[in-house]
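You will see two complexes here that share subunit A, one where it goes with subunit B and one where it goes with subunit C.
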Partner chain A sequence: MRAARTAYPLKWRIMDALEGVAAAIWPARFKRATPYLMLLPAVLLVGLLVLGLIQIADASLRTLDTTTFQFSDDYSIANFRRALTEPLFLVVAQRSLIAALIVTAVTLIFAFPYAYLMVRTRSPRLRKFLLIALFLPFFIGQVVRAYGWLIILGNQGMVNEALGLVGVAPMRLIYNYPAVLFGLVQYMLPFAVLMLAPALTAIPEELEAAAGSLGANWVRIFIHVVLPLARPGFIGAGVVVLTLSLTDFAVPAILGGGSQDFIANAIYDQFFRTSDQGLGATLALMLVALGSILVGLVFALFGAGTLAMGRSRA
Partner chain B sequence: MSGSRSKSFVLWTLVTIALITLSAPTVVVLGASFTGGNIITFPPDGLSLRWYARISQASDLRNAFLRTLQVATVCTIVAIPVGTLAGIALAKYAVRFEKTIQIYLLLPFTIPLIGSGIGLMLIFGKAGILGQLWPVGIACCVINLPFMIWAVTASATGLDPDLELAAANCGAPPLQVFFSVTLPAVMPGVITGSLLMFILALNEFLVSLLLVDARIVTLPVLIYNSIRSIITPDLAAISVVFIACSAVAIFLLDRLVGLDIFLKSK
Partner chain C sequence: MKRFKPTLSHLSRRTFLQATAAFGGASALGLRGAYSQEPEKPAEIIVRAWGGSWVDSLKAGVSDSFTKMTGIAVRHDLTEDNEIQPKVWAAVAQNRVPPIHINWDTTTNATKSALRGVTEDLSDLPNLANVTDLAKPAGLEGFPIVNTYGYVYVLAYRPAAFPDGPPKSWKDLLEPKFKGRLAFYNDGIGFHFPAQVAGGGKLEDIPGNMQPAWDFITKMKAQQPLLGEDPDFTTWFQNGEIDAACTISTNAREARKNGVKIEWVVPEEGAKFDTDGLWIPKGLPENELYWAKQYINHALTKEAQQVWLDGLGLPGVVPGLTPPKDLVGDPSYPTTEADFKRLIRISSKVQVENESEWFSKFKAIMQG
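Right after this comes the complex of A and B.
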């Protein structure tokens, strides 16, 4: 008996039992459905978001009765009319859109050389340093980073204290539009570099050398060889930065100090300050639509770039 | 790198600006946390650890941090099986409606966070589970799930299907093939993905803000709520917790799989 037990260890018995259970509930003839079974949990989990969107859509069609603070039982599009006609929301939407475009452009301008240097450098040390300098802020989170900027740029912040030492009167460096833009660029840089880097890795360095040997200077090599080939990376990075900055909440809230609200802040205020859930839901739905239209437009014009997921990548 | 002096000058100028911008908040928060004064001044009022002593006494901070850890743990524990299975399925099999499924699984990225957060708040509210911590973890898992799937699919392309067939040919039943061949092959992706999920859930702010109430506030939300126009160093000292977690995550990522995997072209 004893010999038999050592010959067939406990681990094997457990595996056998598990195999038996697995074969009983998922027989081999279901094999073709296995990938779908594996995808099911993820599909269900993401389904929560779809349910959420349905709830938002439902809430957006109900108007708030300001005398009883009850939501109407019947549907109307009054919220959408208000969202489109009230000047406040127009101003906020315009501010967010313009910010998203500026932030995307500036971020890409700085992200490209960073990614290029990181990919092309011959020194593994420099590469690692650039990677760590990128990941450290990426992993720290928005609130702490925005707090860091408050310490630097605040009214009693480091810059103003330093200026005070040389006799310059304190300046208002935060709670304005440029401060929000600056904070967003800093927040987006790691995303953009990480989307660009794989696309740059895919460009053979020999192509640059070949262009150089044919007499092109580095500016022409960048314009005619590197930038066109890096297009998938620019699309991926551009889409991510554009949508994330368009819909950001924390940076406008902390560095804008309430005076520079973006769409997300307006939605939050509708839910938690004004308590008009219907109007808030309407704005949220319109933001989802705006974001999807922007992403769809970029994908339709340029393809999915480095954002594609899964097997084949044409 | 080949190229002229002007090229490296332009590149390095832009990269230096980017480096300063990226690192300034971290460096300043670290420095401010060691200040000896009551407010943050420049130049600093000497060095001290008094703010660390202060925050180690504060039970609300400690509890908020423990809650945040709990949220990140729930998020990671859910994400590992869900994301790994989905990633392997997408990478290995020719699935019908593959494009549609991919677009669907990218929804967490294409739906703005405020939209996802409010949607989840409404359905969790209907289900009567708002005010507990685990739904916050689930929410963090949903909104970051594509990161996990990406990481796994990226490493699953290195998996040779012949290896699994060979194992099966040698008599290994399906589960054993999965655990001794498939799973080890995608392990770097699983590690990368779960580290990303954990650290992103630890830092998650907006969705937490929407889903927590005053009793179960998480650390990023607590910091956000405590930011006032007067800047006190105790907030800087708490923020160092996040800097430390970030450093640990980078160290682990580099040790276990190597940071270079983020540079690979897929």
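Right after this comes the complex of A and C.
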């Protein structure tokens, strides 16, 4: 006798078929390896990056012959010697590193009160407003935002026009180092807030209330309760802002007026302006090394913060 | 883009010349598509170009008329010349079809590609018979590139900033009032050679001894100039950010067309004269190579050059072109021997072999 259609619906049959296919591809005896299968996309991604790095490492050991614009067959460390001895690269590296540190510190200082208010406010409207204000810049690319600052801060921009109304002559507000730092802080702020907010959410409000009820004023609560508990958020946000600032290209290029290059700009020049991909690869490797050392240092000193996904430091 | 497989097993020089002659004659008579020998037409050809008034001029002068004659659409790829170069080099090295059919490039950059061996030979273009010596790339065998016009890196300035009259020397830019009000290319291109003269050196000493140039550029660094690319100069003049710049006259002219009061001069030390050209990367299917060559051949006709270079305000490589009205007698539009004597020309070979070092040196000074 035929089974009623409703007794075994089509959807179930499809599911059965899919399960059958899945079992054929990945039999039950492989079950213990399933978690490793989940890792496969990440392994593939990292593998591709490593492959790219190997190619870059290979290129970094080859020098450019400017009579044929071909790279040498032999390996040498000439590019590394140039990168470590030519004043241009040292200046640019120093500028990038100092900027990354300043931007990280300033961004965290600005991001904390924003994130704290966003997490703790009792007003849903204010929270929505802060969230929208936070996400809006993500819809506007970094380049567009940097050009926006050119319009606002330029010689004929809104700020100088406003200053002109009170008799102040136009002043150069862009195309200098402070302008680059300003642009980077503005760009990094949403990243830092997003990294800090989960850490602040995890701090029970009762702890602050308890400290207050025991006589601590808001300064002591902030220093002895909130800040220590928010440390994972600070570390996570700090690492993200530090690495993004260190490797930034667009903001120094647009707001720096051509004279405030970072390492990424120097790499671009070697790849695309002088056709010396060997030297460009060398600088790229050194940037990766510098960023890795900095992050390693932070992890060694303070742990991985929110980037450890909630696990405590071993 | 849909690519077509080659329909000819081998495109010999003779075949190309025969087909080209047929094409040229038929084009002149307006006989579209009436040639039995022409290879299959691609749906489009891709020409890398600079944006703004540069691509507008190319479109008006060359691309539109080419499409009208052949029915082949022309797509302009506005990837920067420096950025397309490694892509083309990689494509040729990997035996892939290159991403563009024609590269509109600086002669120096194009020479690098020619030295690397990634350019097609263009010696068989019929219209090369009618061009001036300027079209021939110096120091290279045959025609791996065809220069299509020359240009001058002038001293462009706002007249209001020079109330006592136009600047006569590059040294005039060292006046304290111009601090933060000057602009140069971010690799110093166009300024290295006049700086050599302004710094008390000789052009014959290039590239052996360029210390005078570096000394003068160091003095200029104290003026805290802005450093940028072609579009930046037009924008900076328009926004009142700068009073003077070393830039290609086309950019200054563009700013003037946009209503900015701007003039330009060739200072007493001279100004760099250079050329741009067109070239075809290796690796195209034969039929596409044929039509790419036809495009360049068309760009060398008097009619195409006149419209294209009127837009750019630059002197071409075909005799008998008429200068735009606003550039008659202008030092940025050299036509006579006397005009060229005021300009500085250094061979492409010397530039190509030393450019990387000069750029680094300029950057080291300006970034320091």
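General remarks:
What we mean here is this: the second predicted complex is superposed on the first by the 290 of 314 C-alpha atoms of A that agree within 3 Å, B and C clash if a C-alpha of one lies under 4 Å from a C-alpha of the other, contacts with A are read in each partner's own complex, and residues count from 1 in each chain.
Methods note: a residue touches a chain if its C-beta (ideal position, glycine included) is under 8 Å from a C-beta of that chain, and two chains touch if they have at least 3 such contacts.
Predicted model only: the values in this text are computed from it and were never measured.
Residue contacts after overlaying the shared chain place A:F302 against neither subunit B nor subunit C.
In the superposition on chain A, contact is made by A:Y36 with subunit B only, not with subunit C. In the overlay built on the shared chain, the residue A:Q156 is in contact with subunit B and with subunit C. Contact with neither subunit B nor subunit C is seen for A:F71 once the two complexes are overlaid on the shared chain.
Using the contact criterion defined above for the overlaid structures, shared-chain residue A:F271 touches subunit B and also reaches subunit C. By the touch criterion defined above, A:S259 lies against subunit C but remains apart from subunit B after alignment on the C-alpha atoms of chain A.
By the touch criterion stated above, A:L88 is placed in contact with subunit C alone, subunit B being left untouched.
Subunit A residues in contact with subunit B (one complex) as well as with subunit C (other complex) are 154-156, 271.
Listed in rising order, the residues of subunit A touching subunit C in the complex are 64, 66-70, 86-88, 91-92, 95, 154-156, 170, 172, 175, 257-261, 269, 271-277.
Remark: subunit C residues 80, 82-83, 85-86, 112-113, 115-117, 180, 186-187, 224-228, 232, 239-241, 352-356, 359-360, 363-364, 366-368 touch subunit A in the complex. Looking at the complex, you find that subunit B touches subunit A at residues 1-4, 6-7, 10-12, 14-15, 17-19, 21-26, 28-29, 32, 39-42, 78, 81-83, 85-86, 88-95, 98, 101-102, 104-116, 118-123, 126, 138, 141-143, 145-146, 149-150, 153, 157, 173-176, 199, 202-206, 209-210, 220, 223-224, 227, 229-231, 235-236, 239, 242-243, 245-247, 249-250, 253-254, 259-260, 262-266. The touching residues of subunit A, counted against subunit B in their complex, run 15, 18-19, 22-23, 28, 34-36, 38-39, 41-43, 45-46, 48-53, 55-56, 59, 109-111, 113-114, 116-122, 127-128, 130-137, 139-152, 154-158, 161-162, 185-186, 189-190, 194, 197-199, 201-202, 208-209, 212, 217-218, 240, 243, 246-247, 249-250, 253-254, 263-264, 267-268, 271, 280-281, 284-285, 287-288, 291-292, 295, 306-311, 313.
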